[in-house]
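Given below, in the form of structure tokens, are the structures.
Each of the two complexes below includes subunit A, the first together with subunit B, the second together with subunit C.
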Partner chain A sequence: MTTTLPSYDDVVARYEPVIGLETHVELGTRTKMFCGCPTDFGGEPNTRVCPVCLGLPGSLPVVNKAAVEATIRIGLALNCSIADWCRFARKNYFYPDMPKNFQISQYDEPLCVDGYLDVEVNGETVRIGIERVHMEEDTGKTLHVGGATGRIHGATESLVDYNRAGIPLVEIVTKPIPGTGELAPEVARAYVTELRDVIRSLGVSDVRMEEGSLRCDVNTSLNLPGQEWGTRTETKNVNSLRSVERAVRSEMLRQASVLDAGGRITQETRHFQEDTGDTRPGRSKETATDYRYFPEPDLVPIAPDPAWVAELKAALPELPRVHRRRLQEQWGLSDLDMQSVLNAGAVELIEQTVAAGATPAAARKWWLGELSRRANETGVELVDVGATPEQVAELQGLVDAGKLNDKLARTVLEGVVAGEGSPTEVMTSRNLEVVSDTGALTAAVDEAIAANPDIADKIRSGKVAAAGALVGAVMKTTRGQADAKTVRELILARLGA
Partner chain B sequence: MAAISREEVAHLARLSRLAVTEEELDTFAGQLDVILQAVAQVGKVAAADIPPTSHSVPLTNVLREDVETPCLTPEEALSGAPDVDQQRFRVPRILNEDLAS
Partner chain C sequence: MSDLTTKTAAEIAALVAGGETSAVEVTQAHLDRIAAVDDQVHAFLHVDTEGALAAARAVDERRAAGEPLGPLAGVPVAVKDVLATKGVPTTVGSKILEGWRPPYDATIVERLRAAGTVMLGKTNMDEFAMGSSTEYSAYGPTRNPWDLNRIPGGSGGGSSAALAAYEAPLAIGSDTGGSIRQPGAVTGTVGAKPTYGGTSRYGLVAFSSSLDTPGPCARTVLDAALLHEAIGGHDPRDSTSIPQPVPDVVAAAKLGATGDLTGVKLGIVTEFAGEGAEPGVLAVFREAVDALTKLGAEIVEVSCPHFTYALPAYYLIAPSECSSNLARFDGVRFGLRVGDDGSRSLEEVMSLTREAGFGPEVKRRIMLGTYALSSGYYDAYYGQAQKVRTLITRDFTAAFEQVDALISPTTPFVAFPIGARTSDPYQMYLADLFTIPTNLYGGPGISVPCGLSDGLPVGLQVMAPTMADDRMYRVAAALESAVGTFTPPAL
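== the complex of A and B ==
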């Protein structure tokens, strides 16, 4: 097989991609799906387990009502129909991440079906069809030992912690998404981003990809124009929004190179490699029919009362898309400006900064300017850049109060991002406050006048524009910590101009 | 015609991680076939308007509130484990089995 990949432009000129996404969301319920064990992140191994989630003989699962409610709310937010009757199913497999040797899931009767989610890509709305939203339980964590760096390959044994086994999981599956062409990677990313925001707005999960409470599998296939869809691969281990985009792109390139060489795509599970950005084949999986799904005998069907569903629908919060429209109006932004706020992942940050007292313009300036630049440089999401909305609002407050000028404020922000404390603390500890002591300022002004008699004469004779040079001199002696406007006024006053 | 083939029994045995000998395959295929044929009798009397029964009790929506209940201690949880290491269940290597299946 050839190892040189064709260029992306070349691939999208000759092939049409079809993508699909399967997303798992860990719900933020207090207890597990089928038992009362707590779900908190972390904890010593095997301290949050009971006979039910350990699958001990004689134990019986009971469904968590809050998890059903959260799943229905997710379904409603994704414009799905809610089933009036559905069952759980056993998915049988032998892998020690589940102590029961099966996972309780839903199979042919999901709780929510046939919805959609509108996402925006390059200013255009793309409607992503939602096939199903169903309930299941998370698996335990396996620690592979004896091999290289904790990987399953070459491991001699595995150690299992079942704290996570049984945590409520919601799986959201899109319909196949054809017709996105070269934008396929961006559409995939935009979908996961929007889905994350929708679920966060519902308050049913913290949806943090890096902690695994939002996990995404990416399906990709290529076909020649006018021909049937190609064989798809499923890429797992996609742990960030950026990786979603990269995974689709790299899989498109890989498949194109296989097809170009006359090869065939194998339907398989592949693993995304964060470091190289490509995908590698994963373990071969028992096929769908081999899971021997059958209705879970220990759980009776779920039949949501239509009145309850209607109540949940009426109580849905404002969804992110609508919310963004409202903010855009409040902030007085053009579609283009709003798009750049969105692309930067700054909507909520700006909103919170405004809530903390800054004007929309000032909040946008800091998040899209200095902080976005820094986030890009360090390769982190804006939300993790190291400054909070409260700190940004406080910083702007110091500027507005005349204690910091723009340049000093940027230096203070650097200190804040470096973890030196709040803006006020950084300003004080680094001694960055604007010199407002008129005595000290006057002395600096007099010094500048004495050092530049020619310029002083010019100003005395009415050439006010020449004051700029003296302002510069004063700013230099005060290490930029004076307010330029005040300095200028002082100079003009001292020289009687 | 047999309701289940010898190959299907072998496949199920493999999925279930059961070591079944060649002789046992013959025995079990025959026995399972008898069982399946007996169960198929039920299918004959079930009319189209009778949905398959998955639960014998006419109940729906047996739900519990999202309230914590006490867990086992790790010692209790691990007391029945064949092997334990670092407060975790210790299991044999996984990958070989996967490749075999």
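== the complex of A and C ==
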């Protein structure tokens, strides 16, 4: 499309966005939602299957209690009410990677309802309403082969892997979020980030967007101030935190251009394009399937014992917001500094680096400096930049021990990120250790003095500050590997200053 | 006919346990009988000769080794083709599963093996258990041994006909709206539908999950009780299975066989005792009521006003569930696949497979159910039917405050001629008029032969409260002791 998009500032000046998010989380339970098959990632296709998750005739589901427990804990962490009685429902539609051609999900009787999650954007707290948290099963995966596009149309064969079929999923649906104005994209991102951190703190999922254990659909609509909410679109294929923000923004721009041209927004599913950052239409919801939901007759209702729910609530871990406040205090950071740590997605990384032995200041310096820069350059999340908190702590340890100076440490880090090994290994293999052997250095110092007699004279006459020029010369001949402090001391000693 | 094929299961088990015959001999006698008569009856879709003889040999070896044998060890059993049997074809009477050999055993099949019974094979049925005559089997109808031109009932006509033809002393059926009891009634055999959740559905190819109940078929009430005991009880693989022990149905059958029903109060369902049934059936039923009175039972009339809505409610609930349950038959993972020649889309292949694989009655019910569950119609149809179900349950609960058990004719008419009702689905559906309320309620029901009308068997149904299966066995066994059993003309 060649239509010129309006500017973002212009759009938010004229329209009010309403957003909503539906998030799917794959639970890290040992077994699947309704059978005893293992959930571990990466098995050969169709090896983690049984009659139940293959939907063979006659097989029956049995609810995984660990999944119910995990869902209740998520609900409690999101301040939801836990239903004292709820049911599963069948969502009926045909799709080859769905073994039974219906999905066991929850419909009008979800396990957790009516909660909220507070997120911080630009130092302000925004309360996101949670409509519901419910359980369902994942589908298999279809691979279309033979076609040029790798998509279903034009493919000559479709291969289905049912290993993922039946993995427990939790769906978390927000209430519509109006009133965020120009901050809508950041609010969406902050919500997904906070949700991810909450779920991770509960230890119920590894919530990795790039591996699909956290998946997000973004609903967006625009309306004129004072008017009713507009028609919403649902954007799928949003696979990173950055994409959440981009998807909302691009959908706001696209809808504004349609509305500006006098058009109507179609209620539809759209797909986020990672490369271009815009959204493309998928299947239209106006002609969408009637899912013919009805209560799942193969399962009995779930009635969680209130005493059990109270126990789970009492045992909830410290939630990320509280945890962060405590860390901020421990690290002695201002609100502004803490915000930049948060924005960089570095809280946990710094925490782990400190736990591995670095000072908070040093840990923050590495993650917000060199490593954030690299993450931005390569377009990955900080956590995936290629260095672990342990490695960063080890690197800092080498600096503290005087084996690396700052410049050398950055070079070593480059090697670590490139996968050359631990900081110590990289330092050794690249021969980057600071030269502090005074015998070798003395020769270099003498050489520098001989080459710069006038500077040497100045120093001898007491102008100690001139030593810097000689230090620079020595550093040059030692390719930066000398310890500057030692060099300076040697120069002064040789010249009797 | 070999002497061994006319014996009851209890007798066969005693002979095997006492070493007077072997399980292999018993099994061979039944295999021979099947070979001799099943061309006429067509009770079986698959006879597992080798599997049966191997199982029989194992029983004989266990006995020779002095190992303890169960009460049904060495007794042959015919299994309705609705239950998954590992490595043995399971078709559900449908073309869509032709050739499918399940990789697993249904819980009931496992329990049958553990009990030392010998599975002879798989019996014919209406496709996906949808029907009351076995005429909707994709593999041709089963014929009633009482009159080969008549239907053996359905959907489990194969199991009941196998008993009446002495091809097996025991059989397994499944009852969604009467598919065990109605074939039992029209073949002069016993058929019991246990309490829903009292027998495991794991491995039972689903028709209507909230109604389907597997259960025992036999020629005597005691045999049915013995089989019930062997297959019943909690199964953690079926979430709707009741975590309680099976009521002592064997003891109840033995108690009933003494012929004393003193102190037992039975209710005749007013709504089922007048119109709706053939005069001949009603006459035999009244004679049976007299017999029960003579045994000491107190008989009263009990009105269950909502029972008349049971049939329409059933024909919304069962098709709704079936429309979803049968979605998995799409040619992707098992069974029939049609049109996969590389030129068609996946959707087209699914569609062609279902079009070719399902018969007309199955399609009718899938369409009915799909409609009833559609957005905008759900409340008026499925939702309303669920409310009726609740009212029927209340009728039962209120009735059981007055009486110990309810009785009625099992079915409004005796076995009808093949082809007589296939052109009018409603006439076919009426066959289950008296059996359906029990399914909607979830309680147990048994059909026991109570006499003949124009030379054809009539069954009496006993309905009991949930998890009081023992009560119906007691009443049924008492009636059996008074009226005897009924033998069809020789084939």
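As a convention for this text, the second predicted complex is superposed on the first by the 481 of 497 C-alpha atoms of A that agree within 3 Å, B and C clash if a C-alpha of one lies under 4 Å from a C-alpha of the other, contacts with A are read in each partner's own complex, and residues count from 1 in each chain.
We adopt the following convention: a contact is a pair of C-beta atoms (placed from the backbone, for glycine too) under 8 Å apart; a residue touches a chain by one contact, two chains touch by 3 or more.
Keep in mind that this is a model prediction, so the values were computed, not measured.
The superposition on subunit A brings subunit B into a clash with subunit C. In the overlay built on the shared chain, the residue A:G357 is in contact with neither subunit B nor subunit C. In the superposition on chain A, contact is made by A:P297 with both subunit B and subunit C.
Using the contact criterion defined above for the overlaid structures, shared-chain residue A:K65 touches subunit B, although it does not reach subunit C. Of the two partner chains, subunit B is the only one touched by A:L159; subunit C is not. Contacts of A:R90 after superposition: subunit C is touched, whereas subunit B is not reached. Within the superposed three-chain model, A:V49 lies in touch with subunit B and out of touch with subunit C [touch as defined at top]. Contacts of A:K100 after superposition on the shared chain: subunit C is touched, whereas subunit B is not.
In the superposition on chain A, A:G129 contacts neither subunit B nor subunit C.
The residues of subunit A shared by its contacts with subunit B and with subunit C are 51, 54, 56, 62-63, 92, 94, 96, 99, 152, 156, 158, 160, 290, 292, 297, 299-300. By the touch criterion given at the top, residues 51, 54-63, 90, 92, 94, 96, 99-102, 152, 156, 158, 160, 290, 292-294, 297-300 of subunit A touch subunit C in their complex. Here subunit C touches subunit A in the complex through residues 83-84, 90, 92, 97, 100, 102-104, 106, 201-206, 208-210, 236-240, 320-321, 323-324, 327-330, 332-334, 342, 346-347, 350, 370, 373-375, 378, 382, going by the rule given at the top.
Against subunit A, the residues of subunit B that register as touching in their complex are 15-17, 54-55, 57, 59-74, 77-78, 80, 85-95, 97-99, 101. Across the complex, subunit A meets subunit B through its residues 29-31, 35-38, 44-51, 54, 56, 62-68, 85, 87, 92, 94-96, 99, 142-146, 152-153, 155-162, 283-284, 286, 290, 292, 295, 297, 299-305.
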